[in-house]
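Every chain is named by a letter (A, B, C and D) in the order it is written, and numbering of its residues begins at 1.
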Amino acid sequence: MSDMAGFYYPRTATGQSSLLPAPPWHYSGDMLTVEYRTDPARVAELLPRPLVPAPQDPAAVALIWADWQSCGDSGEELLDPVRAQYSECLAVVRCGYGGRVYSRCVYIWVDSDVALARGLIQGYPKKLGSIHQTRPHPFGRAAPRIAPGGIFAGTLAAGGRRLAQAVVTLHEEAPAPGFVNAHPLVASGSSASVEGGPAWRGDATLELFESPTEELAALEVREIIGGYYRQVAVSWDGGTVLAQHPPS
Amino acid sequence: MSDMAGFYYPRTATGQSSLLPAPPWHYSGDMLTVEYRTDPARVAELLPRPLVPAPQDPAAVALIWADWQSCGDSGEELLDPVRAQYSECLAVVRCGYGGRVYSRCVYIWVDSDVALARGLIQGYPKKLGSIHQTRPHPFGRAAPRIAPGGIFAGTLAAGGRRLAQAVVTLHEEAPAPGFVNAHPLVASGSSASVEGGPAWRGDATLELFESPTEELAALEVREIIGGYYRQVAVSWDGGTVLAQHPPS
Amino acid sequence: MSDMAGFYYPRTATGQSSLLPAPPWHYSGDMLTVEYRTDPARVAELLPRPLVPAPQDPAAVALIWADWQSCGDSGEELLDPVRAQYSECLAVVRCGYGGRVYSRCVYIWVDSDVALARGLIQGYPKKLGSIHQTRPHPFGRAAPRIAPGGIFAGTLAAGGRRLAQAVVTLHEEAPAPGFVNAHPLVASGSSASVEGGPAWRGDATLELFESPTEELAALEVREIIGGYYRQVAVSWDGGTVLAQHPPS
Amino acid sequence: MSDMAGFYYPRTATGQSSLLPAPPWHYSGDMLTVEYRTDPARVAELLPRPLVPAPQDPAAVALIWADWQSCGDSGEELLDPVRAQYSECLAVVRCGYGGRVYSRCVYIWVDSDVALARGLIQGYPKKLGSIHQTRPHPFGRAAPRIAPGGIFAGTLAAGGRRLAQAVVTLHEEAPAPGFVNAHPLVASGSSASVEGGPAWRGDATLELFESPTEELAALEVREIIGGYYRQVAVSWDGGTVLAQHPPS
């Protein structure tokens, strides 16, 4: 009967109800990363054929917290921030395919339906979770600075169970916020950094906890590589991720 | 590298992380329905080609609240009820296709990721919402009975905005809990009642509210047909809905 | 300037904003109880002077889940059920004072501000938590019946950490839903059963988990006494609890 | 039996369970303020005797959003940020008493039990709400800068109903973030600014919405005075608020 409009469901005559606006999608946020090594067999078994383990450091994992605002090109979500704000936590590994090295997101939790639906489009295996990340602030004792000695924590829960908690103490600027999430994603095409502040590197602790519905803890922490913090902005045009971290 | 297991993502070697168990999926819950007539043009414009308006009563809409527990065949979700319990609110219209009349869910909100993901498989346009429904209880003044004079309310909010609220006062048993949601679903195949108590019919009030991201209120209430209440159980085997209301 | 109205804050000229209506408060709900014995020293150290350990079975603890609807005398909350529904989980011990035995709530979590504020009036040490409890339903495989073989679970989380989980399998009707919560409360005056279905008794399992902000797990499970289930209704007139379990 | 420890309930032998740490309490956060004039009779009727309307501009109201991290002196909450982060929205008016002008918080909503309990100690009439506020970020299109042209929004909901929404467009630095909340609080003693960035002033819009359980909308918007934004840090030592805005 009708010409349906809307980038995503529910499609209507006007498109106003669409859960997602049409790309491009813009993101501004802070990323807290802990990189570590686990049993390489645990990484390998998460790689569907024809992916293979990365030829070097195949046991490396990045657990990444990100605290985002995002919006479509109109930016209207920023005027109703419950629509713009969400947090996510994702586990990324590396793999090989066709002679190249790729990053691959094996687990991810978010706290909004907009982020969940975008992930389905982008190939992320998103679940809902409760994700918290210490925020920097320029004043006072109830927030760290993004500076040497700044301490940032991330926590993840789902179904009323704590799944992960990390603490990173910043030491110095670094050329990159780690290496595990620095490759193109298998699912999403190429990626390139668009905008962002300096990466910071430091010490990290990370604890993972068992849950009957999750296997994150199977990626046990054998050796911490480092912790990282970076403020970034990303724009995604619908097929090509234009930044180091393709948010979701 | 690996044989991946799991009915749904994230797929792993064991399948333990899958957001959804394999069907069959079982549901036990209470449904509160308000049927009413709106502008038939508003219904028609929600029907994608080749669907056409129902030949009779093309302005009829059912707004349905459901308060569910659901589980896979193992029933393990019932031992961790945060995994089993969810609520939903859905708007259903009728349409014609190939000479038959079908029910069609045009809007739906749920409050869990399991329900959201199941809806994607089943063709429901699910968003997250905050859904509440008065519960019956056999004792005391803080709950109605499912009996003449019992008063049940349903409310729906999303993004911190109230979208709908209804109140139904039960009068008598009825042969069915309305007619709008009684047809096969276009998306999901045939449906048949499996188990349930008697349907109850009564008076109803319904208010719909505007939101910048929703169009439920465009299905304005012109005439209330009736209110209904029914306790039901449904099993869904992965393709054929085996009950009057295919939950999601 | 003004005559302020309202049973509770915020007080205004009309009283419409009051977080709580004036008593009486009515409750209808289901209670799931696990009784067990812990180290009696852990109970004793939770009793402020001049309370003393109960002379008999001083190690007994009841962990109780309750799934409530509540309202004031007008019952208007039942027409907007987000205002009426809440869950709670509380740990109760016994103590002696003046030659009598009392029940005492040492920890309690709820999931609404109305319940939190009522608890402050009634002397309950309430925090917010995430509380879930399997619901009975007359139909289908996604809910137990209140009958022999019915299996009910309760879970408690706060701050994204699981604190407790219990499973009770019903065996038979029993004269009472346990004995730990059967005494008058030190804080709230006398109590008397008003209305309710039969108590059911059965087997139980209970696990408690550590948290940096909680000490529930210090009441370690040494011996399970039993599990109980009961549907009850309570009215509280503002000073005298008129039922076996004074809800909050 | 026992010496009980803990600044707040539940009191235990160790004090570990206390919902609140002992003061001092530290806060770092961002405040978004809209000042406007309403019917002065609506302000006057919210002032309990012996408070009187402020002699000048007695119709002025400030609606303030604040996005906080807070912690006790140990700062441990910052390592588990679900314990540190909360948002609040409060309505402040001015009043006279004993020849001086005071600020008075007439309505306030928060989203954590820690903040709710602190408010009870400090004399704030806190309820739970859903509060969102646009966050500034140095990079990208999904966040404003704290600079001319930066647009910040605040929203408030409770019980699944939108109660207020505001949009502020920054123009210039200003000597103060408004005047309504600049006086000592009647409830909490003196206040003095401790630390913070420059105040910013700009245009504002504000909409208030009816709710059956709230009267914020009775403070109808007759004339916008201005919008303000400021990053601040506060420490509160348990009796004297050491900053312009005493958080809660």
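Things worth noting here:
Everything below uses one rule, namely that a contact is a pair of C-beta atoms (placed from the backbone, for glycine too) under 8 Å apart; a residue touches a chain by one contact, two chains touch by 3 or more.
Bear in mind that the values here come from a model prediction, so they are computed numbers and not experimental data.
At the interface between subunit B and subunit C, over half of the residue numbers involved are used by both copies, so each side presents largely the same positions.
Ranking A-D and B-D by contacting C-beta pairs places A-D first.
Each chain gets a centre from the mean of its Cα atoms; for subunit A and subunit D, those two points are 32 Å apart.
Taking each chain's centre as the mean of its C-alpha atoms, subunit B lies 40 Å from subunit D.
Listed for subunit A are residues 80, 82, 130, 132, 155, 157, 160, each touching two or more other chains. Contact residues of subunit B toward subunit D in the complex are 130, 132, 155-157, 160-162.
Interface residues of subunit D, counted against subunit A in their complex, comprise 26-30, 68-71, 75, 78-82, 84-85, 130, 132-135, 137-144, 151, 153-155, 157, 165, 167, 194-197, 231-235.
Looking at the complex, you find that subunit A touches subunit B at residues 1-2, 4, 9-14, 16-17, 19, 44-49, 51-53, 76, 80, 82-83, 106-107, 112-113, 116, 120, 125-128, 159-160, 212-215.
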